[in-house]
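Across the two complexes that follow, chain A remains constant while its partner is chain B and subsequently chain C.
Take a look at the complex of A and B:
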């Protein structure tokens, strides 16, 4: 059978089916779930590669399950933004690999239930993949719930009291945001009578009736997705949740799951830009400001953290700020920069969380003070961490640089130089943290014997970390590729329908 | 004529590699010294190997990586860059020898020498940066690499000085970056390989904004008043570091940035019509006079030298903002003239401190009899700063004065004369004390500094005289400066 047209369906189904079967295969042997999860993610990654190759060749394409064509059937649609499945699969795959040893250090209750841990991880990835490739609004909501619910549970796996609290806070905020999104989808269905995204856009184009419901729907969607993306002031759930979760989970949550909110926003923007119903200037301005505040506030809090994982969590807020600001600028440069940063930040943040996770696994400590001198004890891990840190600051030639440059250019293009300043000063603040970290890891004397005697991370942790760290460099040097790749997608996003 | 050549990249890269080796193998004294001296020598040799070509007008370029649409990392050794690289890399050899002698008993030598070697690699990177982004990258690296040197002794005072240093320079760096993005937004390029890339069509307001950002950003490192606060405080660092901060790398990097902004980003023609440089010149003149006055009242020798640096670096800024060929010559040659004279003085201050333990000016009575060679070198440097003919400083003052007359702004002449008098007022008393006042108590026997301290000092002093007397000799740095001026003014 020729699978070429069916990869799009397979990429959604594989992780979900794999997740469901993980507890079953666990009956065979204690180690089987790891291999099962790994092979599931391998198949998924292969599908993702095929899809990305295909979009390189022919541009956006759709899949119609069971031959039910849109707008009646559920449509899967793969466009340039969906190409983020590539990084979802990569990070997901590496997170599974990383977990194979990391699960030993989980608390007692979770160690006996590793099959369920893998189930949750696969469900989470499957949810994200489904979310990014679906062309249907209700489907979007369902996948969002799949990934959110598994996310809440994964945070709680961390096991300490703080993890339970963090998971609960995450659940509370997440549930409210899901509710808002669901209501908004209901509104849109009520107005247009369809759930297909392209179809909703087309029916709203030149819509004659009252516009208020559509406006309310827009507001609810943006707030809902902004909560998922942890944009200031809806970020309160993020630091604890991401810091308390097990490190491979933190990598997935921080690198990928928050991006779901942003991708959701892009989908919403496609509808409203395309329909041309409203002038989005005010909303964009709000987004720019919220993005700017997120950048500065996230970076500011990050600088004063002693706990490395908490610092990374705050830096995620800051980076989401960059993306949201880029979207709000609504200039070609800004949106291109933002879209590519979705991708690059996933790589960078996963590198950082993996490296920190490996260090915590080996030493048992997680604050800068305790980890003094770890750079000499675990040289390879620390190098990967440094590469990640340089990238997150945005120093050339690493992955973080070009996106931030483009977003800054976007700010000047939109004639808002002030936000160019904000962006660069945010980077400056993070840079200070990086200096503190390098200083502690390389130039201070160790305070704990465990740190001084620690060995480099085991292969199953070191390999994912180093692969991602080298990708941070490669994506920096080949920064042109994603920028040109996303360009038609951005052009389509910003253009009104039929014009 | 432009030639693609890897040497502009190789110069910083090789010395980066050697600096890495210092970190890796620095625990053994002989290996540390070997790699440090290799870092300094290899770099100087690479720079020197490009000198004959440069003198004939060859520009070596190397594009390392092009990210997208004119954003990339590239290296380019033009006459101006060569001049700066030549000064910093040759002084580096002297400073390395001196530092080996000075830091002989110190504990954290690996960290010290590793970062020491990194610093000058980044300085050469700054000199050879082809575009503003590469410039910025090395400029920030310089900030980071000097920080561990400033806080070397880790006393509360040193740590607070280090924080002040980082705060000033990192914020300054952010200004430079914003300016760079705006230049890219306005022109689509950030290259430094042209005599000006901006044009008047961008609008005076935006041009003024860009000029302000870049100049403020660079002026923090060049310690232009009122952005000089970090420099005197950074005097807590070991003396070779002070020499590095003041004479070779850090303040010079800032001044070099301003020179690049004026000549390569804006271009003389554009700035001439805009008039942005007049406030800059006034600020520089103010800094020259004020810093000199403050210097007179400093009793700590190194602090006096620090204020003298603030004053002297503004000569470069003043000369650059006059926008005439003669003044441009002065701006460029002053990189060498100030560097050599000031490094001599810092070497002397360090040698006195290591040999006799004295750090204050009033303690120096009679020290000329104790350390005649050292104080002789100090005298040479003082005379150079005062602007005596036959010494390097004279050339600068002469050309700045010519430039002032050329531009019709005669009041700069007054600034020059006042500054000479003030220089005399704060340097000559030291010379007088050293040679003509008897030492308090019993006269100490003659006891010179150890050779590793004395030889670099004397070599630099001899260069001060050489630069002052050989400006018409072909192949000397002066002709490089003239080549740079010809490029800038499209002559």
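Take a look at the complex of A and C:
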């Protein structure tokens, strides 16, 4: 039996089944859950590689579970944007590896329950994978809830003073946004009588009748997904949640989970661009402005943080701003840059959170003042951190440069050069923080003996950090590959149906 | 306009209920009350989706020998069943978090918590 056609179903099922079985295999030995989670993610990563190879060869494809063809069955659909499963699996795999030592530093109540920690991590990855490959609106909601609920719980595991409050705030805003999305899905189902995304698009195309419900649905979907993505006025939950979570979880949340909101927006845009019901200029203008405000506000708050993880959390808001702005520009360059930034920012932010996590694990401190001189004590980790920081600023030839360049080109292409300058201004603000960090880590005398005597991170933490840091450089040099890869997907996104 | 609203009174009711829930989430100070507001919003959305499947004189969609249409749509009910499962897990997680917040800070009033942070 060859599995070639079934990989698309397996990539969703493997992490979910693996998650459910983790507490069971924990009965064998204390260390088995780690190996179990690692092997589950390995199988998933293999499936992801197969799928990405297949889409390179034959373009987008679908999977019909149980032989129930769309629109009656629940369709899984793999297109260029779904290729983000590659980075989800990579970061997820490395996060599990990173956690194998990091779980020792969790608080008492969590240390005795590491199997459940891995369950949550695998559920989170499975939910994200399911979200990106599903072709069904209700399925989209279910997977969104799987990944959100496991995300809320993972934030609370960290044991920081504010962890539970941060998780509750995250839960409250996350649940409201989920309900908005579900309400909107109900609207779309009421209008079209179907839940399949392609079918909804086709039935809204040339729809005759009142258009107000579809417009309300669009508004609720955009607000709902913008909350998940932490776009400016809806970002209040993010800094505390991402700073309070354990570092490997922060890497997953900040690098991947917020992107789910953006991918959701891309799916919604496909429906509305395809149906050609509305002129989306006004909505796009709103997105551009919110994106621009996110870029500047996120970078501005990041500069004034002393807590390194809090700074990284604010810089996530800034980077989501780039993506949303690129999406709102609605020009080829802008959307290509935004889509590739989804991918590259995941690599960069995971590098940064892993490096910072390793430093916190070794020293126990997390503010710039306390961590002075750590660059000399932990040279390899600090190098990875610097590579990540250069990438997030967007200095060539790193991964961050090309997508920001493309989004800036998109701004000029859309005849809105002002936003190109906003983008550069945001990058400059982040650059200030980078200089502060390098100054503190390399050129200041340590204030704590623990920092000066810290050994470099253990292999299980150093390896993920260095792999991701080198990928930040490689993706900068091979930047053309993802850009050309995503191009047909973007062309299909922006084109109206049948034209 | 008013007759159109009256004909869609079930949809209007769920939107109103949704807004009441949202108001409770934003305005109430107690974390449990905030969360009850969220439950009200959930109920509103579920009621809305259930109402979508109802039609005048709709028969249960069970294929027996003398079954004749029009049939009520069974799909919304399956959706809401899944939705209820999600809502239950959200509630369980939220209550757990509230208990842990209370153990740590000794209060679940949002304004007092803001001062303690």
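We adopt the following convention: the second predicted complex is superposed on the first by the 499 of 499 C-alpha atoms of A that agree within 3 Å, B and C clash if a C-alpha of one lies under 4 Å from a C-alpha of the other, contacts with A are read in each partner's own complex, and residues count from 1 in each chain.
One rule holds in what follows: a residue touches a chain if its C-beta (ideal position, glycine included) is under 8 Å from a C-beta of that chain, and two chains touch if they have at least 3 such contacts.
What you are looking at is a predicted structure, and each value in this text was computed from that prediction instead of being measured.
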Discussion item. Should chain B and chain C be called a clash or a fit once both complexes are overlaid on chain A?
Written reply: fit
Discussion item. Looking at A:123, would you say it contacts chain B, chain C, both, or neither? Reply first, second, both or neither.
Written reply: neither
Discussion item. Just checking: does A:164 make contact with chain B only, chain C only, both, or neither of them? Give me first, second, both or neither.
Written reply: second
Discussion item. Contacts for A:74 in the overlay, against chain B (first) and chain C (second): which applies, first, second, both or neither?
Written reply: neither
Worksheet item: Thinking of the overlay built on chain A, is A:417 touched by chain B (first), by chain C (second), by both, or by neither?
Response: first
Worksheet item: In the superposed arrangement, does A:425 touch chain B (first), chain C (second), both or neither?
Response: first
Discussion item. Tell me the contact category for A:397 with respect to chain B and chain C: first, second, both or neither.
Written reply: first
Worksheet item: Counting only touches as set out at the top, which of chain B and chain C does A:183 meet: first, second, both, neither?
Response: second
Worksheet, complete the sentence: Once both structures are overlaid, the C-alpha centre of chain A sees chain B and chain C separated by an angle, to the nearest 10 degrees, of 140
Worksheet, complete the sentence: Superposed, chain B and chain C have a smallest C-alpha gap in Å of 34
Practice prompt. Going by the contact rule at the top, pick out the chain A residues touching chain C in the complex.
Written response: 138, 142, 145, 149, 152-153, 156, 161-162, 164-165, 167-168, 171-172, 175-176, 179, 182-183, 186, 189-190, 195
Practice prompt. Would you tell me which residues of chain B are touching chain A in their complex?
Written response: 65, 67-68, 71, 73, 111, 133, 137, 140, 144, 147-148, 166, 170-171, 173-174, 177-178, 181-182, 184-185, 209
Worksheet item: If you look only at chain C, which of its residues touch chain A in the complex?
Response: 18, 22, 25, 31, 34-35, 38, 41-42, 45, 48-49, 52, 75-76, 79, 82-83, 86, 89-90, 93-94, 97-98, 100-101, 104, 113, 117
Worksheet, complete the sentence: Counting only contacts in the complex, chain A reaches chain B at residues 395-397, 401-402, 405, 408-409, 412-413, 417, 420-421, 424-425, 427-428, 431-432, 435, 443, 476-477, 479-480, 483-484
